[in-house]
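Heads up: the structure comes next, in structure tokens.
Chain lettering (A, B, C and D) follows the sequence in which the chains are written, and residue indices restart at 1 in each chain.
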Amino acid sequence: MNQSFKILNFLNKQLQNKRFINCLGSMACSRYEYVKSYEKEDGILPNVWIVVRVDGKGFHKFSKVHDFEKPNDEKALNLMNNAAQTVMEEFRDIVLSYGQSDEYSFIFRKETNVFNRRSAKLLSYVTSLFTSSYVMNWPNWMGDKKLQYPPCFDGRVVLYPSDQNLRDYLSWRQADVHINNLYNTAFWNLVLQAGLTNQEAEAELRGTFSADKNELLFARFGINYNSLPAMFRKGTILLRKRVQVTDSKRQLIVPIYDDLIRDKFWKTHPELLGKYTPGEYDNESAQNDMLPELLTRQMGKVQIELESR
Amino acid sequence: MNQSFKILNFLNKQLQNKRFINCLGSMACSRYEYVKSYEKEDGILPNVWIVVRVDGKGFHKFSKVHDFEKPNDEKALNLMNNAAQTVMEEFRDIVLSYGQSDEYSFIFRKETNVFNRRSAKLLSYVTSLFTSSYVMNWPNWMGDKKLQYPPCFDGRVVLYPSDQNLRDYLSWRQADVHINNLYNTAFWNLVLQAGLTNQEAEAELRGTFSADKNELLFARFGINYNSLPAMFRKGTILLRKRVQVTDSKRQLIVPIYDDLIRDKFWKTHPELLGKYTPGEYDNESAQNDMLPELLTRQMGKVQIELESR
Amino acid sequence: MNQSFKILNFLNKQLQNKRFINCLGSMACSRYEYVKSYEKEDGILPNVWIVVRVDGKGFHKFSKVHDFEKPNDEKALNLMNNAAQTVMEEFRDIVLSYGQSDEYSFIFRKETNVFNRRSAKLLSYVTSLFTSSYVMNWPNWMGDKKLQYPPCFDGRVVLYPSDQNLRDYLSWRQADVHINNLYNTAFWNLVLQAGLTNQEAEAELRGTFSADKNELLFARFGINYNSLPAMFRKGTILLRKRVQVTDSKRQLIVPIYDDLIRDKFWKTHPELLGKYTPGEYDNESAQNDMLPELLTRQMGKVQIELESR
Amino acid sequence: MNQSFKILNFLNKQLQNKRFINCLGSMACSRYEYVKSYEKEDGILPNVWIVVRVDGKGFHKFSKVHDFEKPNDEKALNLMNNAAQTVMEEFRDIVLSYGQSDEYSFIFRKETNVFNRRSAKLLSYVTSLFTSSYVMNWPNWMGDKKLQYPPCFDGRVVLYPSDQNLRDYLSWRQADVHINNLYNTAFWNLVLQAGLTNQEAEAELRGTFSADKNELLFARFGINYNSLPAMFRKGTILLRKRVQVTDSKRQLIVPIYDDLIRDKFWKTHPELLGKYTPGEYDNESAQNDMLPELLTRQMGKVQIELESR
């Protein structure tokens, strides 16, 4: 950056800073203000992918207290997706979000300059907004079920220099949902359908491989694991796409339930690793011939807005 | 810490880590898991005061949209206090919280080992819990007023090595509320009572000192600034105190509206800078002969609990 | 990395740590040893280029006291090159070093795991070894000139995620040497040849562009700037190359005086940005038909070694 | 710090920065200069003790190659002390240095603002200057013994918030020298006097406590461990003291061989933990009725200087 601009910028920012101006005339203020210098600079290295991941704190208990369906509660997952949508609408530099279970990862493009890449700002703001939207939208997805205590998420910032690193990160999270969901599906069928205790179900699954669990599900419960809802098996990918709503195109946040470990995903959405501009959404070929509810809710709002003109 | 304990601890933690166990048997998992090593260690230096401060994002607009009373909305401030109370109930190592306007500071004692002093964990968890409680308790304080969009807070972690540094930090925040609240009180009386436009009120106050604003309030509006509610003028200090509820003592979070710049405050609450144990609360001499609502609500819950035995 | 290996590694390291073993049996030691936990983790993000740059402290004065030739002292520059050679011989993961004036940059390949990428270790070790070699080799290049006081270098670590960032960094340093050396050449000719005072020479050059300085050198002193030694105009690039010495090939540190801003340099040395293995050196086409002294000194040592077999 | 001063300071620094000025007129320079923004801020938290410790790299081998006397080489230790003296003369904010074996710790007072408390600057400069002085002064202490290869030190920065932390740090290092030196003294007497192999000596000492080693030294070699030179048993403390030289007082760096674990040391040198000003040195009561050589060399220089007036 040009140095002279930096100086002007600095001066401008100071002059617009009301607190600073106030303090010039206040002895009390300037006497204590040295404490501000104890704040640490925490700018993130430029030109790397920034991942912010939020994770539910104690959601094992939270899901029990709030009687979530086992092994997956579709509404609770959509509430997570809704919170993530709020975050993506606020931060235009998030190009992809990925959620599974009680966690969500937000991918900021390498070039983002949001909050001057200050790590604590980014981390706390994303985590707070996600939490806020989760609590505020609770009744919209969970109906009459009352919130018993405030749910809470922790967050972390992780940096990935190369596109391959980023893909490996997302593959890691998606491999995780596969392993956990297959286990949980088998576990809860043993408990809820076959009447085993938690301990018995755990013992039965100990040491089994993926193939064994697939077989168990099919043989004992007639369940073809691969035909279960993709959202449960693969997690939810949120992308920014231009969607046809009646006769106009709008940029919306679109949920995708796809395999992001394979190259195909990245070829289908070339905007992600290239020079970023939102892609186009093909309403007709949407999965299961049915638009996901998270999307139809957004489309509904746009329609109301269009009609009210 | 003893090294052999550290080793055993490390092994134990690994063995209890289900994800780790799962991954031992999974090729897919271990192939991508290297990405975990990109996470950065962020342990906070031991033996320093840890301050986490949360700040409302865009609360100027938020308070306008939600029609907060000007210059101070008692209910909205108590909602802030309620959110802070939730945070203090969760983190036993917070010895004092201080709130004013749309910000709250949480003081963790020097010795705390919460989350192994990992900065991002601490920051994100506190910010998330504060936000969650704020949104969830909104109807309890704001009545029928509906939340229009999710409110959001950013957070920061600042470290203070000495007790004097910590006192200066808190003095800085309290000096800030004095300056701002005096200005705002004058400003909103000029606008709401005297019918000036925002610009006219601003012009009238430009260049005035504290004494001028005090004089203006008294001369034009008959307001004695020092008799306005202490919560508006000094902000809210939350302390952990043992409170008499019917015939038993309970540790509760008590709001105090006091001058923490003076030595007297620190002598009255010697537990804060000494070897920490919660102090005793003198119900009778509570300010204004009236227990604050934040406290009576807590006492109410305890009474219900006691009676239901 | 595999977690079980990590555990074994950790245990092994502890067991080999004599200080640790000693301390197990010592009360005094374990009572104070907690202070070790105050050391901060400073691992560098994986998969980014690591640049360590050392810079002479107060070399303006140092070069004056030691009567360096102006504007360039070839021997002093070769002493810098020699110190850099020592560093490259020690750290096999340095793929390129670049020196000019009183500074040297060392480029560690992205994948390096030296010192587990701990920043302070890397920084302090490189800076110390460079300094040590500089002082120890002083008489080998500077002859009878006696060192008047200990010279000193500061260092910094900078990270570059992409190959383009790295090239831009090196281009920045080489553009710097061009600007400074052209100025210094003009300045010192005005002072030493034309007899101007420092102030007069400075005044004469104020506001001039590169073309003006080139013209001045030619018109007043008959100097064609581009025919001055490349080491002065471009700085020194050190690469690791396989060099023919009598009838065997040896990997040596080779000085190159080339334009590294252009693509051509990176095409000529494809090992730098690719999968790293040292390249081949073409003794015959060496610059100026003369092998640089830094290289011939190394070749001399190898010859002595070969002959003594 | 006052904000307006900060602005002026910033502008001043930029204007004095020749590189910056040069770049204003240079396209090439500004195109690449963005890479400078990749440097990370690394300011150290204010109001904490800063310890920089340098450690010899591979000094086991180095001392063997250079034939150091075992278990302690007085001259080599004094060379370390001399290097530390150079560092203390340069950095006036170092109030105490402590050296033992191949390591030296430098204690910067809490209030220091050297290099604006930038960690990498401080670390690299101290390590480089120590190294430089060590190599340059080698012939002054080691006589004809020629340096075979450049010795090298790594360094680290550790922060201690409280005075007790600092004392515990130094106690830790001094407990370490006690343990190691007692072991080494026993070991080398077994090897050099009793003719054991290294393995036999190691076996003999395995599992022994301090008392056992004391006993062994006395019984087998007639050595009273406590009468060995204090520098070997306690390490070297360097303090800044006002020393009488002929008829004037000079501030010099004075070596002290004392027990710094006990309170007495800190009471004898109250300047260290109080408001720092150098203390007075009592030439007469110096240890062993003999001034240490490190000090007499400094006094010699002052005398020459005084006489040459």
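General observations
Everything below uses one rule, namely that a contact is a pair of C-beta atoms (placed from the backbone, for glycine too) under 8 Å apart; a residue touches a chain by one contact, two chains touch by 3 or more.
Remember, predicted model here, so these are calculated numbers, not experimental data.
Centroid distances built from C-alpha atoms place C farthest away from subunit B. Residue numbering at the subunit A/subunit D interface overlaps substantially, since over half of the positions present are found in both copies.
Distance between subunit A and subunit D, defined via averaged C-alpha coordinates, is recorded as 51 Å. Rounded to whole angstrom, the centroid-to-centroid distance between subunit B and subunit D, based on C-alpha atoms, equals 45 Å.
Among the residues of subunit B, those touching two or more other chains are numbered 23, 34, 38, 40, 45-47, 159-160, 165. Within the complex formed with subunit B, the subunit D residues making contact are 45-48, 110, 159-162, 165.
Against subunit C, in their complex, subunit B makes its touches with residues 1-4, 7, 10-11, 14, 20, 23-24, 30, 34, 37-38, 40-41, 43, 45-47. Those residues of subunit B lying in contact with subunit A across their complex are 19, 22-23, 25-26, 28-29, 31-36, 38-40, 54, 57, 86, 120-121, 123-125, 127-136, 147, 149-160, 165, 168-169, 171-172, 175-176, 178-180, 183, 209, 261.
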